[in-house]
Structure formats: structure tokens, C-alpha cells
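Look for chain A in each of the two complexes below; its partner is chain B in the first and chain C in the second.
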Partner chain A sequence: MGAGHGGPLGAAYVAGTSAVHRLEPHTKLVAVLAFALVVVATPVHAPWAPAAYAGYAVLVLAAAAVARVPAGRLARGLLVEVPFVVFALLLPLVARGPRVEVLGLSLSESGLTAAGGLLAKATLSVLAATVLAATTEPRELVRGLQRLRLPAVLVQILAFMVRYADVVTGELRRMRVARESRGFRGRGPGALRVVATSAGALFVRSYERGERVHLAMLSRGSTGRLVTGPAAAVPLQAWLTALALPLGAGAVLAAGMLLG
Partner chain B sequence: MSTAPPSLLVEDLAFAYPDGHQALFGVDLRVGRGERVALLGPNGAGKTTLVLHLNGILSGGRGRVSVAGLPVERRNLPEVRRRVGIVFQDPDDQLFMPTVGEDVAFGPRNLGLPEPEVAARVAAALDQVGMAGAADRPPHHLSFGQRRRVAVATVLSMHPEVLVLDEPSSNLDPAGRRELAEVLEALPVTVLMVTHDLPYALQLCPRSVVLDGGVVVADGPTRELLADADLLARHRLELPYGFDPTRV
Partner chain C sequence: MHVPDGFLDAPTSVATGAVAAGTVAIALRGARRELDERTAPLAGLTAAFVFAVQMVNFPVGAGTSGHLVGGALTAVLVGPWTAVLCMTVVLVVQAVLFADGGLTALGTNVTLLGLVAVAVGYGAYRLLLPVLPRTRTGVLVAAGTGAFLSVPAAAVTFVGLFAAGGVADVPLGTVLAAMGGVHLLIGLGEAAISVAVLAAVLSVRPDLVHGAAHLRRPADLASRPGLRDREPVR
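The block that comes next holds the complex of A and B.
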């Protein structure tokens, strides 16, 4: 009822028809994973590391530009990184070794390098993942994981989550509206009891829905194995397009190792 | 026609749930090929319990059920579930796949049909319910009425002998209700429709069966049953205000 397009999981998706959008989801998953591996494999203490990070950044931002992902969307994607940032900021204070004076603070040199490396690697990987999420619908991601032979049980759990996230949040919203329509205001310790009861009710409802879905599956001859249709073959060209990002990053890494 | 076995044959069916609650006390029901029958009755009459026996989800009580001559028993379950297409009340329970097309393909794929056949059946079933071209859409982007019609398509694609609908008109707006009625009237299958919506029963089903207290208490032409005020009152069935079944 009135569930907006996209829903809670679809919020990450930026509709579009760019070359990145059109790639098969599993090729994009492989590309992002490979890119992250190259980024992580870059030695932090090498003198050419900052140049390599800059190279990776150019590559991932170019991918974002091709996909027309707005800068604001990229920035929001980086929010998941905040806990790492806190950790990274602590590193120069607690690490040992030779120290440098910065604005009157005595900071560890190796701590600074480690923190910088951590921040750069996390940021680059998150940016790549954000481009993936912004150009691939959740159900397509699940399909991609399935094609990459993720165990069927996990694929089914993810698929059901994608399908029912809207339904369950819709129920949650209706329960909240019903609570507040009767004068409930979520403040104070007393409110906690009411919210906990709602959460319990939502759990029971979802559990019962699960049972009804299972019944509907059995009624259509399900044996527990989710049979899906044939997957279209991916031409070499599409793989090359998708893998341009990690291949470019690999070239940067190789150049650093050979020349640096 | 006379030689074809009835689509549904229920004989002396009794059933108690494991907690001891007895829901059915000897139900007899015969639905001929191509008939459209409404199953009426108050809440708790045993309607859902009966429906779940038709495709062998529930079993183990007394009595027999057969679908177009095939007894409902364990070794026949795959074929029974192909023959009996149940459309549940909440389309969100029925539509669990990421897209409409995959959901309509779910049944045929469970039957092990080859892909070209699956694709043909998906297209035909969606066309039958007036949803051709919706195959690639996720179910939550559809209106409630559209989801209900897609739910019907998910069982039509299995080429059922009998279509069993649980409260098909619930939560539909008048236009959605009319569109569904047009779809159902055009289908060349046997229909058993569980409903509280008596005008809808009259519109779609020439014959009605009233279930109450776990037994069939009335079985006859829908118009006659609905005109019997005493019968309706005895079984907590009520016509909408101002509705006169003899004048429709």
C-alpha cells in the first residue's frame, strides 16, 4: 500500500542507463572485489603509495562519472566508513616509534602512515562499493551473487530479504502510525516497553508471514530448491568493460612496484 | 462430460488439528468439471482447513479427496499440486520472487518444464489476467489489484484443473474487483471460491456451498441460497445493506 518505488533497500540505487548500469551484476561484483583486493595489497609504507592511491582514486571517480553517480550520493556512501575514521585518528596517538610534532601534538610517524593508508584504502573501497550499489538494483545484486555460486541457501535468504523489506517496513510504519494516532509519544523509559512490544508483534507477524509464504510455495510444487531461469552468456567485451577498473588499478600497482 | 471424473471429489472428510481442535466433521463435496462454486461460511467454519486438504497440505484425518480422479495422497502430491491451484488471500504471501515473471515461472519450473515452455506459459498466464508486459516488474511496484491478478497467474501457469481462490475480492477497490471478476469469468477452468462477499459469489458462481461447524449445511443455486434469509441468519451470513439477490 503506497510503498514508494525503491523502498528501504532501493534507496542506494540511482536509476540510470549508463554503461555501468547495463553491465551484468556479477561482472560488477567481481570488478569491485578485485579492485578492493588491489587497493588493499598496496604496501602502506612504500614511498610511492600516495601516488598509487591517487591513481586508484582517479579510476574509481572516473567509473562514478561514467555511471553518473552524483557526488552527494558518493559522500553519503562514505558515511559507513565513519567508525574506521575514528580508529584511524587514534592510530598516530597510540602507535610507537619515531615521533613528529604537529600543531604541538607529538604524533607517531609510522602511526600517521598507517592511519593515512587505512583511510585511503577504506575510502577507495567504499567508493567502489558505492558505485556498485548506485548502479545495481538490490535484486540484481542477489542475482549476481547467485551467478557467482554463492550457496543457494544464502541466495534465498537475501532474495527474501530484498522482496519483503518493503512489506515488513510497511507494517512497521502502519504500527507506528497506529500508536501515534492514539497519542503515543516515544519518550521516556515507559515508551521503551511499548516499542519493545511492537518489535515483538512485528517479529510474530513476520514469522507467520514466513509460514504463509512457505505454504504458498508448497502449493505450487516447491521442493525447497529454488529453480531459476537460464542466465544469458556475458560477452568478453562486457567483462573487459567491467574489469577495466581493477585492471587499471592493477596496472597502477604494478607500475609502483616496478618503478618505485 | 458425464464420463469425465469430477474436478473435486471430497468424501466424508474429517480432520482435527494436532492440538485437538476438530475443524471438519465429515464433509462431502463434488465439483464437476468447469463448474464455478462459491464456498460460503462464517469465520471458523472450516473453510481454510478444507481448502488445505484439496492439495494435500493437510491430511491424515478420515475420508478421501480426489482431484479429477487422482486421489490426494503422498505419492501423488506433485501432480495434485499442479492440478489444484490455490490463490491465497494476501498476494504478498504468494508473490515472493524478485519479479512478476519469475514468480509466474516458479510453478512451471518446479514441474521441470523446459525453459521455452516455461516462457510461453508465463506469457500466456500474464495475458490471461490482463498483465501482459509486467513480467520484469517487481511485485511491490504493482497496485494491490494487479498483485491479486498476478497471484492468479502464478497458478494458471501450472495449467490447473481447478482454481481455488481464498477471499479473492478482499481489499480490492470496486474497479479492481470488477477487473478480477472479468478475468475469472473468462477462465476455462473449474473454480472454487472461498468468500464472505455474497454479491461476488452471486455474480461469479451459479452454485454455492455453505460450510458451518465443519459440515456442509447447504448446497444449491447461489440465488436460492442467498434468498433464504433463515439459512443465512443461522450461519452468520449477511447480505450488504439494500442488496436483494432476487433482483440482480
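The block that comes next holds the complex of A and C.
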């Protein structure tokens, strides 16, 4: 309480009115998924692969520029990659095949290519997904998934999770503040029990809140279905704008396959 | 531990996607049995709990801290089908809102953390319950073992998928040993955290723990002597 709106889920969103922000959420989801598919489909061992990755990078950075996503936001988005960067860096050391000497280390050639490909593909997809998250509010994303025919119950669970994630994490934060203001330092034996008791209490509170929400819904005449207005048809123009990113990437891939 | 785009080739991603979609479809029916018409709000709030608790750093001894994956714990708390749905929803949110785990790898991630972790964790729990004493400790030991096994099981499954559809030619034995070894350690942390959280819930609201329904007994209230002969009130 007393914190700004948004919380951990809303933190990904960068408010704005750019062309990318205004696109319907489900078109953006399709576009990012299609872009990731094109990136994944690029053969790693082709000699033109690095050029293709560069092409994709230009496209996704252009999309980020149109959406006015700050560079710092993109960089923070890339942090989730770190564990897999470590995995990729280990690949050249353990992979089989002919080896090359780099700085005194014997590295596998195929491992090097594979690691480069992995890093490039993961980075490009993460950038695209970061642009999506930065230009679309969480509840809009849920609406987009709903229009993409995700099962209705799953959409409802998602909607409840998105709606209450901030409440639940806020509760967790207040518990931490309360613990620490009583002198808890989180070290030494017994600390696990203290933190786990908070987590257990959080589960009980979340579950009971779920029951109260359900009763409140029933008392307001809920039938268990989400009421949504009619979905507006998306004109071809908007689809083309949204799909410019994957179509451009597809063109790069096709050019590589034909010319390379 | 979320697999990003490009780690596995297209056929493997499509196959795991199909497995994940089938699992979620079955789980949607199963969750109705566990939670009836309260499925959406309760599973949604439980998913929010899983999401929040994954951000907590638990001190797990020797100066290290770890965070919870939570598949096995959630399965014991709210039932396996609801747990599959909660893990799936958390993974979807992490993929579309935090770019954590690729969109094309969503099926793989749901298969690993939603299906394998929950199935192995809850399966071990269910298998151990009958041979352990019907006490709080028995429940905790079974849940801890399930949580411990769920982490290396997911890691080994990932190595298997990487062998089938990975993009690099790596010696399988080495990777399996390394991933398995590291994740056995992580599994110990997962078990410690899961047991501690479950013990906390069991001591305040044992009636909420789905996997401990056999521990429930009628309240120890008795009618006043004289009215009737000490028959417990239910």
C-alpha cells in the first residue's frame, strides 16, 4: 500500500501512444511469435547466418525505435538471458568435432558456431518479446490471448493472476518489511523457518482471498463466464503493420536461402 | 531455468508444444474435480502466490539462498491438476511479460516445469504416503522427497530433449552428469524450502492442504457431559 500502481507486472510496460502501442494485442502476439519462429528456423551452420542475424537485429531494433522503447529498458529485458549465456559459453568447451585453438584454449568449432547461434537467437527473441511487453499492458495481453482462442478457463485463471499478482506481491513485501523491522536479518539457522512461515501465511491468505473473490463474484450474479464485449474486426492494414516485423524477417531468411 | 527460443529445433519444440497442450487440456478437466466452479479465482490466486513466492530468496544454509520452483509444493497444496494450470499460467506470464522463456519454447517449458516437475513431485509424494506413518512428519517427508526429485527430473528431461533436438553436438554423458549433479543440489534446496513452507501451512490451516486430506479429523469439540455421553460434534 502506498506504492504506485503497476507493481511487478506493470513494471514491464512503458506508457506511450506510438503505432506499436496502438496495435491490437493479439496481432502483436502473433507477430512476435512469428518473428521468433523465423529466427529459430534460421540454419545455424549456414555461412550467411551471421548476416541474417544482423538483419533481424536491425528489424527488431527498428520496431523498438518506432515504439520509443528506451535502450535501458531493452538492456534490462536482456538480463533474463544470463543463465543461458553461461550454458552457451560452456558449449565450445564440451562439444565434439574438430577443434581450434583460441587464446590457448582448445575449442570445438561446431560448439562455437552453435553457441553463437544460440546466443544470437535467444537475444533476438528476447528483444522482440521485450518490445511486446513494453508496449502492451498486462490485461491487454490477456485479452490478446483470449482472442487467440486460449481455453476460456485458462484465460480466466490468467486474468485473475494478472489482477491479483500485485496484491499478493504487495502482501509479501509488507511481510518482509514487518520481519525486518523486528530485527530479522535472514542469516543463520532458523532463518529459513521464518521466511517459510511468511510464505506459508502468504499461501493461506492468497487461497482465502480466492474464496472471498469467488463468493463476491457469486453475490454479484457471476455465472462463471467472463463477460467481454464484441471484438472489433482488425483491418488488413493493421495486420500488415503488426506483421511487418516477421514478414521483414522472413524476407531476410528467404534472401539468405536463395542467395547464400 | 526457462528454456529460451532457439535451444531446441523446430520438431522438438512442436512435439513438446503438443504434449503441453494435451496436458493443459486434461488438467482443465481435472482441476474442475479438485476445485469445482471455484477453479478460476482459486487457481488464479494460487498462480499469483507461486509467482510471488518464486521471487523470494530463501536462506537454505551455508550462506546460500535459493528460490522455489514450486511445482511439487503447489501440487501437494492444491492438487496436481490445479498445480499444472498454475505453473502453466506463471510460465505464460513470464514468457509474454518478462521475455523469460521463449514463446516458441513455451511448450517445452510447460512440459518441463508444469508436467514433469509436477508429475514426478506429486507421483513420488503419492507413492511414499502409504509406506510412511499417517502423521504430519510422514506428509512432510513425502513432500520433501517429491520436491527433491522434481528438480533433477526436469533437468534430466531437458537434457534428453537437448539430445533429441538440440542444436549442438555435445557428449551426452558429460552434460547429463553436469546438469544432473547441479540440479541434485538445487533439488536439496527445493526440498528444504518446500518442507518448510508446507510445515507452516500444515500448522495453521491443515484443512487447506489438498495432499493431507487423510490427516483431517473431526474437530475435538465434545458436547457437554450429561447432555449426551461425550459424542464428538461434527
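Before moving on, here are some points about what is shown:
Note that the second predicted complex is superposed on the first by the 258 of 260 C-alpha atoms of A that agree within 3 Å, B and C clash if a C-alpha of one lies under 4 Å from a C-alpha of the other, contacts with A are read in each partner's own complex, and residues count from 1 in each chain.
Just so it is clear, a residue touches a chain if its C-beta (ideal position, glycine included) is under 8 Å from a C-beta of that chain, and two chains touch if they have at least 3 such contacts.
Model, not experiment: these values are computed from the prediction.
Of the two partner chains placed by the overlay, neither chain B nor chain C lies in contact with A:38.
By the touch criterion stated above, A:230 is placed in contact with chain B alone, chain C being left untouched. When the two structures are aligned on the shared chain, A:213 is found in touch with chain B and with chain C.
When the shared chain is aligned, chain C comes close enough to touch A:118, but chain B does not.
Between chain B and chain C, C contacts the larger number of chain A residues.
By the touch criterion stated above, A:83 is placed in contact with chain C alone, chain B being left untouched. When the shared chain is aligned, chain C comes close enough to touch A:91, but chain B does not. When the two structures are aligned on the shared chain, A:23 is found in touch with neither chain B nor chain C. By the touch criterion defined above, A:221 lies against chain B but remains apart from chain C after alignment on the C-alpha atoms of chain A. In the superposition on chain A, contact is made by A:162 with both chain B and chain C.
In the three-chain superposition model, chain A touches both chain B and chain C at residues 159-160, 162-164, 167, 209, 213, 217.
Considering their complex, residues 52, 55, 57, 78, 81-82, 84-86, 88, 90, 92-94, 96-99, 102, 105-107, 109-111, 115, 118, 138-141, 144, 154-155, 158 of chain B touch chain A.
Looking at the complex, you find that chain C touches chain A at residues 1-2, 4-7, 10, 13, 24-25, 28, 31, 37-49, 51-53, 55-56, 58-61, 63, 65, 68, 77-78, 85-86, 88-90, 92-93, 95-100, 102-104, 167-171, 174-175, 192-193, 196-201, 203-205, 208.
Those residues of chain A that touch chain C in the complex are listed here as 8-9, 12, 29, 32-33, 36-37, 39-41, 44, 77, 80-81, 83-84, 91, 94-97, 110-111, 114-115, 117-118, 120-122, 124-126, 129-130, 132-133, 138, 141, 145, 151, 153-154, 156-165, 167-169, 171-172, 186-187, 189, 191-193, 195-204, 206-207, 209-211, 213-214, 217, 224. Against chain B, the residues of chain A that register as touching in their complex are 1, 3, 5, 7, 139, 142-143, 159-160, 162-164, 166-167, 209, 212-213, 215-223, 227-230.
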